[in-house]
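Each of the next two complexes has chain A plus one more chain, namely chain B in the first and chain C in the second.
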Partner chain A sequence: MAALSAWWRKHDRAIAPYLFVAPFLVLFFVFSIYPVLYSLYLSFFKATGLSSWQFIGLENYADLLSDRRFIKSVTNTSYYAAASVFLLSPLALLVAVGFNAGITRQLRGLYRVAYFVPVITSAVVIAMMFRMIFDEQYGLLNAMLGNVGIEPIPWLRSKSWAMPAIVVLGIWTYLGVNALYFLAGLQNIPHELTEAAAIDGANGWQTFFYITMPILRPVIMFVVVQAIIGSYNLFAQPLLLTNGGPQDATLFMTIYLYQVGFQQFKLGYASAIGYTLVLIVFTLSLINLLFFGAFRSSEE
Partner chain B sequence: MSRGKTGHWVSTILVNGLLLIGVYLLAMPYIFMIASTFKPNSELFAFPVRILPDALYLENYRYLFAEYPFWGWYWNTAFTTVIRTVLAMFFSALAGYALAKYEFRLKRAIFLLIIISLMLPFQVLLTPLFIQMATFQWLDTYWAVIVPFAISPFFIFLMRQYMLGVPTELMDAARIDGCTEFGIFWRVVAPIMQPAFAVVGILAFTGAWTDYLWPLIVLQSTENFVLNIGIASMFGPYRVPYGSILAGSFLATLPVVVFFLIMQRQFIAGLTAGALKG
Partner chain C sequence: MTTVQTSMSRRDFLRFSAALAGITALTACAAPGAAPAAGGESAAPATTGIELVFWGFADNRNKWYEALTETFKEEMPDVTIAIESFPYAEMHDKIQTALVAGSGAPDIGDIEIGRFGSFVRGDRVGFVDITDLLGADKELLFERSALAPWSWQGKNYGIGNELNACMLYYRHDVMAEQGFETPFATWEDVTNAGKSYLEQTGKAFIAPADNDWAYWWIISSAGGGFFNESGEVAFDSELGKRVLQMLHDWVHVDKIGIIAPGGNMYNQTYYGALAAGEFVIQLGAPWYQGFLKDNVQQLEGLWQMQPLPLFADGAGARTATHGGTGSCITEQCEHPDAAWAFLKHCNLTNEGVLRGFEMMNLFPTLSSAWDDPRMQFEDKYFNGQKPGEFIADLGDEMPPLYNSPYWPEVTTAFNNLALNPVMLDEKDVETAMAEAKDEAVRAMEG
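Right, the complex of A and B next:
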């Protein structure tokens, strides 16, 4: 016993880091690495339920290419992702500039609470609130729009309005947190830089485009990557608001994966959808990194 | 000079006005939800739309507590959320500490693994993890909700970044005093790490409390549901008790919002931590 404790004393420092990372490594291998690889394996099978499996090679992937519902889900999700990147993110930057301006100092506490609360509200609760708000006849939104003379819009029942409704919901939910990401970045910019630019005669816009934006680049990159990942992850809101409808108008990739895997129990096909999703997210993130990387080299 | 002053006033009013419209649009759905929990169906579906209820109608709450195991769902959510949060904080602090303050052979490989997995969409895990839960016979149990997500590469990343800033001399001093390595972590490092614990704790707590897709897949019987699954399940095929659904939604949101109002700064630091360190 004494020998053991002496041995431990001697080797504690060498062994300790392995013990410290062990819980993480064990859980990570069992519940992430192994499933990721297993999912790839599974995607080569025609697997319905947990018993009848048949190896079919790349057939699932080939089927995906001619699966009209799958293509529709990719288009819908990408539409939403585009809105997140090109509509939500710039809007969030504008809001952040507003937060950061000296003239909003008195109300900043209020803004912080109001813009942040949607991010910590569960997607299920948000979907429940917005079912009422988007209601064509009894909904708050149409009532508000009615005040300015706009005819009632069949938000969730119409093929052409359902996606815009989800986009509105997305902006409502994620505007605040993205604004706070940008605000954190803006507050990191030394005042001397913007002041120096002002002394050199730059106007507000010039300072913004030539000083603020380049410094903000890593934060912009982060926000855009988050927007892409978040969009391809979107699930609860469209599921509970429209169940992917009407006529698949809001069928998101994750909803389709859920329907195929957990309602039809085609686990192999669902895995192939999952892998396609990974491929899309990785490709888009990489394009984003390259874009901002290229941005850097052209300017230096 | 006076023109500058007028310009200043105009922009103050304009910018604050726009941001206040934003506040109004963000707050309205919550006000509408809370007000609607006190409305009978005749008022919920009335035209023209009125925001405030005519009287405090409490039947929606009574129906919610009488017809659904709502407090059971609440307990399930609180229990799984607290366990997940505590495990996440403890394991990610340990691993983050090791990655920041020790030299060992697998260090670079592990860190690389963490960085890569930060971009991995969770959906790719859905089907294989479901099969795994079935094999472990964990379906419809708390184990399935808690264990697979007790750790997160992102939390380890945050912990490591924070640990890098802690002076190594503190640990060396404790080592000379005869502290064991775990003793150093527990008695010297963990107390200094409080801000990082707050960040990870808040992220883990909100993440677990608002989780929907994974519990939806692994939980099957009504009494085992967490709040999100339970509330969504109230959409029956014949009758939709809207008032009660909104009452449940309101009560489910309350703890996170109260927690946020108490710890605003830490919350915002937590959720924006990735933007500056990533």
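Right, the complex of A and C next:
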């Protein structure tokens, strides 16, 4: 006992920090790391229903390549991701620039709340709300469009409109938080720089493209990576709004994964979908980081 | 008075905190194992009896079970039943996960008809085979609704209490005003009445959905529905195609139908349109009667029900089954006999099923209860008609239901490649059915 006590006295400072973080790490390993690794292992098996598993190597992954519904889900998810990156993110930047420029100075507080409320609203509530907004006969959106003579659009029932409807939902939900990131970035730009540019005769556009944008590069990179990850992980909203329909027009990869895993009870195949999703997100994020020069040293 | 001064050195504090953190970590590790097993006894206060956990997803059913736990106590005082409620999808997903994991499943679970198929995909089913437990009582049940949907390869794994004989519901005030003869004898009569109604009022008659196969299923199940007896894809039967063509024509040729507002009968928009009189006919199982009463109370007394019409050449059936929930004992239940005793109390006693009928309007599958005077009440909502009389009359004509492990894939293929393209894009029925069948067969082989 005395020896143990002496040993503890000698090592307590080295060991204590690990014990402090242990509760988090234990839970993290048990509930996050272990299932993630186990799922990778599972993806190499044919594990259907309550059967004993059968090792099939990469067959699940090979099957995905000829699975029409899977390919459709990848296309749909990529469509949404592209809209997040090329539509939502620039819009968020525009809103942030507006805030920063003081255009809405009088109502700044109100606008900030209005833009931020969707972020803290439950995905279920948002989906329910948009179901009513997008309703063909009684929806608010078609009623508004009707006032300017536009025929009712079958937002959630048409193959061509369902995805744009989900993009609109995505923009409404995530515009605020992305604008906030950009706003934080904009407010960190030293005033002297824009002032100096103005003295040198730069107009607003030139200041924006040659001063603001380069300085905002890390924020843009962050927003884009977030948009990519968020888009490929989007689940609750399309599930509740369209459940992947009509005719799989809004079948996201996550919805397909859920359908395969729980409705079809094909756990190995669902795990393979999950890991393909990981691979796609990882690759796209990496490309994005390279594109924005995240790995370049600052001296360059 | 002496004051004991206790001071703690930094080293003591560090030692104490580290020990606390270590204990917390160990507790966290132990928590999942030490948590009361869902199938087990430790969730209740100390008791020498048996505690069973029952997971359900439908509030009305859960209330029914709650009520019956009280009367069950008189039968088996040592057994306590804890009814736990979950959302529909979450409950089924959790049961599947717990059965794969080998622990954490409840003793009994309510399994909805459309979700049972996924449980029979593997080498084992995950539920207790109740065939022997049922024994001679099987004869008392209306098998097609009580057992068939939760059966696989000749064995029964669950018991349902709803005899879901579908009917046609119509606004009798509107029909009388228009001078239409009711009940409708044939689908052709319905179509002709619809055309005349459209001409007179400019309004739609009926509202089939474009991506909810309920109407198609209800009318065409006499031709085999999605599967035949051998488990093969059968939705492309002659009757199946004929029904899909009729649904298409109602909307796109005769214009007597509109695509269901809001998509289907699970949406409030649908009832808004129904209340506004935008369509006046509806098909549905007896549980749909409850939906109508809950959502369009203002139409009380204006509805009547009738058996499904047949086609003029006699094809079709006067009723069909749609929906239902069965109670299944999971393989993790340590007291299957006690669990079965409770299920028997709910589903195989007149008092149990009649309580359900009174509480939920669900017509029981237990035939001995059908003659009870309580079953013969006149329903004000349906203009004084007796729902019980209709269901008892139609039960025997219900076409069989063939469930399949591939139910999710096949119904998805049907929705995506047949129903939706035909109803929305006006695709040719033959082509759409053939494409949907190819996809369904491919999915079953995959």
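Here, the second predicted complex is superposed on the first by the 278 of 300 C-alpha atoms of A that agree within 3 Å, B and C clash if a C-alpha of one lies under 4 Å from a C-alpha of the other, contacts with A are read in each partner's own complex, and residues count from 1 in each chain.
Keep in mind that, in the parts below, a contact is a pair of C-beta atoms (placed from the backbone, for glycine too) under 8 Å apart; a residue touches a chain by one contact, two chains touch by 3 or more.
For clarity, every value in this text was computed on a predicted model and none was experimentally measured.
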Now for A:20: first (chain B), second (chain C), both, or neither, which partner does it touch? both
First, second, both or neither for A:35, with chain B first and chain C second: first
With the two structures laid over each other on chain A, which partner does A:194 touch: chain B (first), chain C (second), both, or neither? neither
Between chain B and chain C, which one contacts more residues of chain A in the superposed model? B
Is A:112 touching anything from chain B or chain C once the two structures are fitted on A? First, second, both or neither. first
Could you tell me if A:75 is touching chain B, chain C, both of them or neither one (first, second, both, neither)? neither
Could you tell me if A:63 is touching chain B, chain C, both of them or neither one (first, second, both, neither)? second
Check the residue A:49 against both partner chains and state whether it touches chain B (first), chain C (second), both, or neither. second
Would you check which partner chain A:156 touches, where first means chain B only, second means chain C only, and both and neither mean what they say? second
Overlap of chain B and chain C contacts on chain A, residues 12-13, 16, 19-20, 23, 25, 27, 30, 50, 132, 137-138, 262, 267
Residue ranges of chain A in contact with chain B within the complex: 12-14, 16-21, 23-25, 27-28, 30-32, 34-36, 38-39, 42, 50, 95, 98-99, 101, 103-104, 107, 110-130, 132-133, 137-140, 142-143, 172, 175-177, 180-181, 183-185, 188, 218-219, 222-223, 225-226, 229, 232-233, 235-236, 240, 253-254, 257-258, 261-262, 267, 270-271, 273-275, 277-278, 281-282, 285
How about chain A: which of its residues touch chain C in the complex? 8-9, 12-13, 15-16, 19-20, 22-23, 25-27, 30, 48-52, 63, 67-68, 131-132, 135-138, 156-159, 245-248, 259, 262-267
Of all residues in chain B, which touch chain A in the complex? 8, 11-12, 15-16, 18-20, 22-23, 25-30, 32-33, 36, 44-49, 51, 91-92, 94-95, 97-99, 102, 104, 106-107, 110, 113, 117, 119-132, 134, 147-151, 153, 156, 175, 180-182, 185, 206, 209-210, 212-213, 217, 227-228, 231-232, 242, 245-246, 249, 252-253, 256-257, 260-261, 264, 267-268, 271-272, 274-276, 278
Chain C - residues contacting chain A, complex: 11, 14-15, 17-18, 21-22, 24-25, 28-29, 32, 89, 92-93, 96, 99-100, 115, 118-126, 210-211, 259, 261-263, 267, 269, 272-273, 405, 408-409, 412, 415-417, 420-421, 424-425, 439, 446
